[in-house]
């Protein structure tokens, strides 16, 4: 993605940011993103984000892991090479519970975390696309695309909510 | 989120977000202290001993251990169970306490999870080496082979263990790393040069966007939901290594939950041992407060009491079963040749944690440190008692035997502590030992100054309702 | 932080609607008929069902107190607003005690042969009824000792539940933090008292039915079952009260949390179930595996229904976030769990009492409904005795503003 012009507002606390986000959205101005040092309760809602669909991905991986694990054990011990172990039937289902459980958890966890990292574009060595590097420490940023915003109005609005700085910059986000 | 001002503060002193970043990141950025070097060198010496004894073991064979044909599990499996158990506290803190929304978790989860990972590594070495030929350990996995194909035996609890421990290790590592990513980004954004490159590589391009945080929280919650039954399953399956057998003293149905409780119990003791040192050496008293220690001691009290109830249940049911072998196994534990191990276990595990009924003791660092060591020792003895006293005298008196460890086993145990602490010291130097972002997220509810503010707003005398706040 | 809920907290007095009262009387009427039918047709079956239902609701009542104790020691705020429900549940305890007094009396009078170890001559080597294994256990399994234990245990349970309730009601009048602290201390003491006494009660009343058989996890298993039942009843009561216009301070966030409890503890119950079953199945020691042999042979259908209804269905239905916030779904899962735990207990008790010809008929269903009617009557009557909302609870403001991500 190429760079674009954004109005960047910075705050030193999450509460004014949250209020500002609500007001900007209420005024009908689209917001690109907010950047915060920690998860701010209610910010995703204020930005109008839908709930993450990662739980669904996790469920799919869970079903996959469960089926694979159960099939593997049943096929290996029940069909491919049945053995008499402790006088138990070849398909001793209760004995398959632990490994089935473990593999379900393993595949769910790996699959879901993989999905999360890929979907968010977080991979080893990736460049961090953020407006201010202090956002990982103590600065809360809002980025509003310039082409759909009135700079003066937004500037006034953010300052009224206690922004430390508001500026327009061309960056890649 | 509103919180009542009668809740105890979890962060003391000045708590601006910048200050929190500074306090925690500085430890990663600054040169290590003298104490760090001393500790690290001592640990390295332990690691050296471990390498030496393991090399000797591999070159000579498992015969260098004191095991015999009656007692064929000894210190090796004792240490394995002990180490795995220690790991459980980390997962309890990071997963179960997340589900229970315990805010004090945020200050201790990072180091406790690191402890989990290192403890599981130490644990894994024992079955690996006990197998005799670790270079063919991949045989435990169901891989096609030249017997065309005789698969691994999925009816065996030992194989369940392979899957449980490896899943546990992997998921714990992933959970830990997912939580680390935002903090690695924090370090990245403060660093320069090569360090910036390295931490940048490790931080995966984290940018702290609202979308990223939303997904982060979703992933954390699901991982916690997975890790919670997982951690229960791990020690459950470890307990089944014993309980599926017909050995008196091993085959008892309460083993699964009782092992889990014991694991959490010993794990918290180790967490306390580590944190009490760490908060002092790294000056983190404002984040790992007396209130944190207090509440962890309560968990020790609860889990210790559960373990105590399990002991009583086992003893009673052994008698109630009217099975002579079962009864003998328990009498032999308490009054047989290994009576000292049994009573060491009872004293350390049942009596010492009961001291924590006293709030004074729960908040006395020296006392807590000593008791935590006692619990560590007690839980080691518990596994020794279960394994050795049950094996050394079972159904056939003609094959009764005694067991004592050789220098190799002792060396390997001491050495594994070296391995553990070496890893922990490296972690404490190169990674943020406290979850920076998570601690920031509880400032508005749990920092001392904010609690004072809430009290003031509600017209409550803070000194009266919350004596923990000076 | 953005969300400022200003929900007023005020007293709410619950009045039992005539319809509900009539239903409870109706249920008790059915129960009475079932008791008469049971007594006249098959007294074995009657006593087994009497024990089953009495134990079932004893568990529910006691878990009310345990729930309060766990919430108290963990400084929980999320459950403060509906704590009157578990409190009222615990007021059923004396009725359950009376039930057990009847059971013990019937054993003493030789009307009731549920407990094999109470048979005359069982520990006497010269008697034709001599049982070598039971003779080994008589130091524990004998009526005088058992009655003594039960009296002590019931007294303790009664005192703890009573004092906790009294303090909680006192808090409503005087406010402040004193009662919160006092109840916390009492709760902390109750926990170990509960563990030991509950274990003994499980051994005495249930495990000793299959006198030869033993399992160390037994009391944990029964705890898990009763706990899930109690949580389900709490959840259903909250829904009922909300629909009747009370407890408006309870939001979907609280329901979500209750749903999580039901979900998590049905998994926990399954875990304990599996621990016991798998270990006995695996080791296959005859004196242990006979327990499941009997149940699997003669109660096969219920054996599987038990797992489906208590684990598979709640697990699948309650996996998503939305379903835990959906009242109809919660009613479905709650009712299933309440029935499921009864079935679980049925397969626990019947093989050792009625034997392989036990079946679920009018006596079983009627007596369950009768006990349910009695329990609901006592429980709802206690709900009317105090404000449903503990207005002066120190965590009530946290409760009102409670939010779950």
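As written, the chains take the letters A, B and C, and residue 1 is the first residue of each chain.
As a convention for this text, a contact is a pair of C-beta atoms (placed from the backbone, for glycine too) under 8 Å apart; a residue touches a chain by one contact, two chains touch by 3 or more.
Remember, predicted model here, so these are calculated numbers, not experimental data.
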{"item": "Centre-most chain [mean C-alpha coordinates]", "value": "B"}
{"item": "Of A-B and A-C, whichever chain pair has more C-beta contact pairs", "value": "A-B"}
{"item": "Centroid distance [mean C-alpha coordinates] between chain C and chain B, Å", "value": "34"}
{"item": "Between chain B and chain A, distance of the C-alpha-averaged centres to the nearest whole Å", "value": "29"}
{"item": "Rounded Å distance, chain A centre to chain C centre (Cα mean)", "value": "41"}
{"item": "Touching two or more other chains - residue numbers and ranges from chain B", "value": "1, 217, 229, 236, 240, 444"}
{"item": "Sites on chain C at which at least two other chains make contact", "value": "1, 3, 278, 282, 403, 405"}
{"item": "Residues of chain A engaged with two or more neighbouring chains", "value": "14, 40-41, 55, 86, 95"}
{"item": "Chain A-facing residues of chain C, complex", "value": "1-3, 274, 277-278, 281-282, 284, 319-321, 403, 405"}
{"item": "Of chain B, residues touching chain C in the complex", "value": "1-4, 6-7, 99-100, 217, 221, 228-229, 232, 236, 240, 243-246, 251-257, 298, 302, 305-306, 309-310, 312-314, 317, 320-323, 357, 444, 465"}
{"item": "Complex contact set, residues of chain C against chain B", "value": "1, 3, 73-75, 77, 133, 136-137, 140, 177, 188, 191-192, 195-196, 199, 203, 214-220, 260, 264, 267, 271-272, 275-276, 278-280, 282-283, 285, 287, 394-395, 397-398, 401, 403, 405"}
{"item": "Chain A residues within the chain C interface of the complex", "value": "14-15, 18-19, 22, 40-42, 46, 55, 59, 86-87, 94-95, 97"}
{"item": "Complex contact set, residues of chain B against chain A", "value": "1, 16-18, 20-21, 142, 149-157, 159-160, 163-164, 166-167, 170-171, 174-175, 178, 181-182, 185-186, 188-190, 200-219, 222-223, 226-227, 229-230, 233, 236-237, 240, 436-438, 440-441, 444"}
